[in-house]
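Have a look at the structure below before the remarks.
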Amino acid sequence: MPERIRVTVWNEFRHEKSNEKVRKLYPKGIHHTLAAHLKKQAGFTVKTATLDEPEQGLPDKLINSTDVLLWWGHQAHGEVADSLVDKLQSRVLAGMGLIVLHSGHHSKVFRRLMGTTCNLRWREANEKERIWVVEPSHPIARGLGEYFEIPHAEMYGERFDIPTPDKVVFLSWFEGGEVFRSGCTWQRGHGRIFYFRPGHETYPIYHHPDVLQVLTNAVRWAAPERYFEHSCPNPAPLEAIRG
Amino acid sequence: MPERIRVTVWNEFRHEKSNEKVRKLYPKGIHHTLAAHLKKQAGFTVKTATLDEPEQGLPDKLINSTDVLLWWGHQAHGEVADSLVDKLQSRVLAGMGLIVLHSGHHSKVFRRLMGTTCNLRWREANEKERIWVVEPSHPIARGLGEYFEIPHAEMYGERFDIPTPDKVVFLSWFEGGEVFRSGCTWQRGHGRIFYFRPGHETYPIYHHPDVLQVLTNAVRWAAPERYFEHSCPNPAPLEAIRG
Amino acid sequence: MPERIRVTVWNEFRHEKSNEKVRKLYPKGIHHTLAAHLKKQAGFTVKTATLDEPEQGLPDKLINSTDVLLWWGHQAHGEVADSLVDKLQSRVLAGMGLIVLHSGHHSKVFRRLMGTTCNLRWREANEKERIWVVEPSHPIARGLGEYFEIPHAEMYGERFDIPTPDKVVFLSWFEGGEVFRSGCTWQRGHGRIFYFRPGHETYPIYHHPDVLQVLTNAVRWAAPERYFEHSCPNPAPLEAIRG
Amino acid sequence: MPERIRVTVWNEFRHEKSNEKVRKLYPKGIHHTLAAHLKKQAGFTVKTATLDEPEQGLPDKLINSTDVLLWWGHQAHGEVADSLVDKLQSRVLAGMGLIVLHSGHHSKVFRRLMGTTCNLRWREANEKERIWVVEPSHPIARGLGEYFEIPHAEMYGERFDIPTPDKVVFLSWFEGGEVFRSGCTWQRGHGRIFYFRPGHETYPIYHHPDVLQVLTNAVRWAAPERYFEHSCPNPAPLEAIRG
């Protein structure tokens, strides 16, 4: 692992341009808010990337020097090039950590790695969310109490169509009556993946100290120690074959 | 679940046409050998399908009336249409069972559902394989002893790049010195998936009674009780929101 | 598997004797209510057993002819003999299914099989519980909708100190603000274990049709196909050792 | 986590006293060999403890200042006091790491935490073992190649009666024809558990550099960040109950 974890925050960056309410919360975009936090709180080396930049923000050089990628997308999932998704999948399988945020559950890269629809139940009704820490000793839960609350959130409810997670770190309670597996981990290839539910664009969720703490923790957890080659070796026998 | 499980055996069916040795073992193709067994031993309703048939053997009507699909492919994985893979993935997520055989580890449909490279170590050296039953109480192991042997097999060795299986039912020992997770289960969406290693085209492996027993067991295990719709519902709150 | 599944419902049977409210709900005891249901709905062969009977209700002959054991206990966990717990553990590891109900989370036999404290958060406040079906295609969820409700329940909340379940079938939402993994499966040895949260003695929960449906489903799911011996064999080599 | 990980190596320490061959390999006992290595290679704070010391080597003060406990036992498992096992289980559930070595699969503490018999197949025939690294990106596999070999080993073979591990890091191939899940991880409560197969008393296995590397890695992986209290809280509602 490089001495300082190299983080890239990717953001679709469309809502912020078209919606006044979102712009007020995230004047330079969600990516800037998250990047500023990750630099300041944790001292990571952080870059940002957005959909409308050249190569959709992720030229090979940047992909290949990213240890942990955060992904926020919502309305433009379909615009992300399949060839970029191929590269990101390949980089995750080689070891890069991937943190998928909120509506990123429907991103191409997450669905590619999960193999499922990643469908869920949802509602925008300004309701309270209480996020319970189910695995308090997991590194992603470091520094949190028994639960934390988000006063106004979009609701995501079960069934969430994902493969059984390695660990469910957080479970959400919603005022309107639903529950959700809000923090889930998987390994795919040599890469660690964390899905984290909170984060709607019209609420100040990425200014919430517990949410930011989780993201710092998750970057540390997801950063690889090293990278691995993909191969299909065809070696000679290690022991004599009697035939 | 329909009263009789509806099975489709899909085979690439190329080796049998070009290679005399394979043709001698499977004169009408691997699919015919497997289908005949599954009809006779278990009374399933069995159809076959091959790559060079119209719609690559799998028109929508057949896909949508298949409860369990067996998949054998090797040299022509790349020829399988992505649009067909989309349909098969969707059908598995809705509940159809999928049994992936041997070199099918590199098929598009298996890699799509796993999200990983599915790479492995391999060797053709005519060596002995001993398949240990690690989970004797799993339905797929019904009727087997502690292990069974295949006198001459192609070797597949670890690391096998797959997501951690729900259950590892079989582990293989190879004469040349390797080991392999030879029988693995996963659930994706509502569908059950079983990968089963044995089955090279130049050995009479699909005439081996224990191998055939495993396939019968696996079909019964993978058959769904019912099918589910994919959706992303947007319901009203179940409880009052105080706002 | 015997043609008809042999079920034993074990109940501590103390609250019903000392508490008028409980006696009104379950005049002959919780065990009688559950046994009558399981006989009638599913045609199982059902026996009952209670703590104050000889051999605490479970002589060897009954243990060894039980395919699935349901366990309800609360105030007298400590009175159950360790030697009985040894036998029950051994029978589960050989294949017997075990369904642990509600306050049975703290029973000796459940803690023995889990290896953890099985602690949880709890409250008696007459609150509403909504039980979400997270794995609708699991056999234990057969016949249920997206969720079902219990109008007045004791609350159990996370963190629930259990090993990561094989599958979390149900998640509960509580009116008072908590969430809980209410339906969890594990395999230990050759036995299948299901923990099911609903069931407080002062509410008519074991008269609720969805609760009863879950228990019928769970018995079918947990019943073994066969039983296995415990052993530590010391066999000769299968292959020549060169030394 | 304390700045330096506090490791205790517990050894039954009987074979070394009664068997000349064992004494030659481990003149001061297996615990001394392991402790010296862990101090030297990794700079851990290491203590040792043996069965015939007062309080079986593990007074409360030592238990409560141990971050990772290594456990080697074989012929005297039955002599370990149940009250000590209670304390060790409790400490693991609070966060202490536990590394169980070789014949420790039958120790009381391991069986207590697993809930199963931990039975396996075994043979002493001086045979070769090749240990495959199935999860090369797991922290416990740091610094290893694709596999490593032990020229003369006692054989342990499947079926190994354990709960499905969180991760199987190592799989063994044995010259005599068996396979084994040789490196397995679980979490119980807040503690991390690693079982590692190699280590018979009559072979110089604890002088093997790869075996020692694994143990160093495993201590780092198993050390907790903090400890947790066990409790069963009974809190007031967080939301109003309408009743």
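In order of appearance the chains are A, B, C and D, and numbering begins at 1 in each one.
Assume a residue touches a chain if its C-beta (ideal position, glycine included) is under 8 Å from a C-beta of that chain, and two chains touch if they have at least 3 such contacts.
What you see is a predicted model; the values in this text were computed from it and never measured.
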For the interfaces B-C and A-C, which has the higher count of C-beta pairs in contact?
A-C
Are the two sides of the subunit A and subunit D contact the same residues or different ones, given that same means over half of the numbers occur on both copies?
same
Report, in whole Å, the distance between the mean C-alpha point of subunit B and the mean C-alpha point of subunit C.
34
For the pair subunit A and subunit C, the C-alpha centroid-to-centroid distance in angstrom is 37
Subunit B touches at least 2 other chains through residues 130, 136, 164, 166, 175, 177-178, 187, 238-239
Taking the complex as given, what residues does subunit D use to touch subunit B?
130, 132-136, 146, 157-160, 164, 167-168, 171-174, 177-179, 181
Can you list the residues on subunit D that touch subunit A in the complex?
95, 130, 136-137, 139, 142, 166, 175, 187, 190, 224-226, 228, 238-239
Would you pull the subunit C residues touching subunit D in the complex into a rising list?
89, 93, 112-117, 119-123, 125-128, 155, 161, 163-164, 166, 175-178, 186-189, 230-239, 241-243
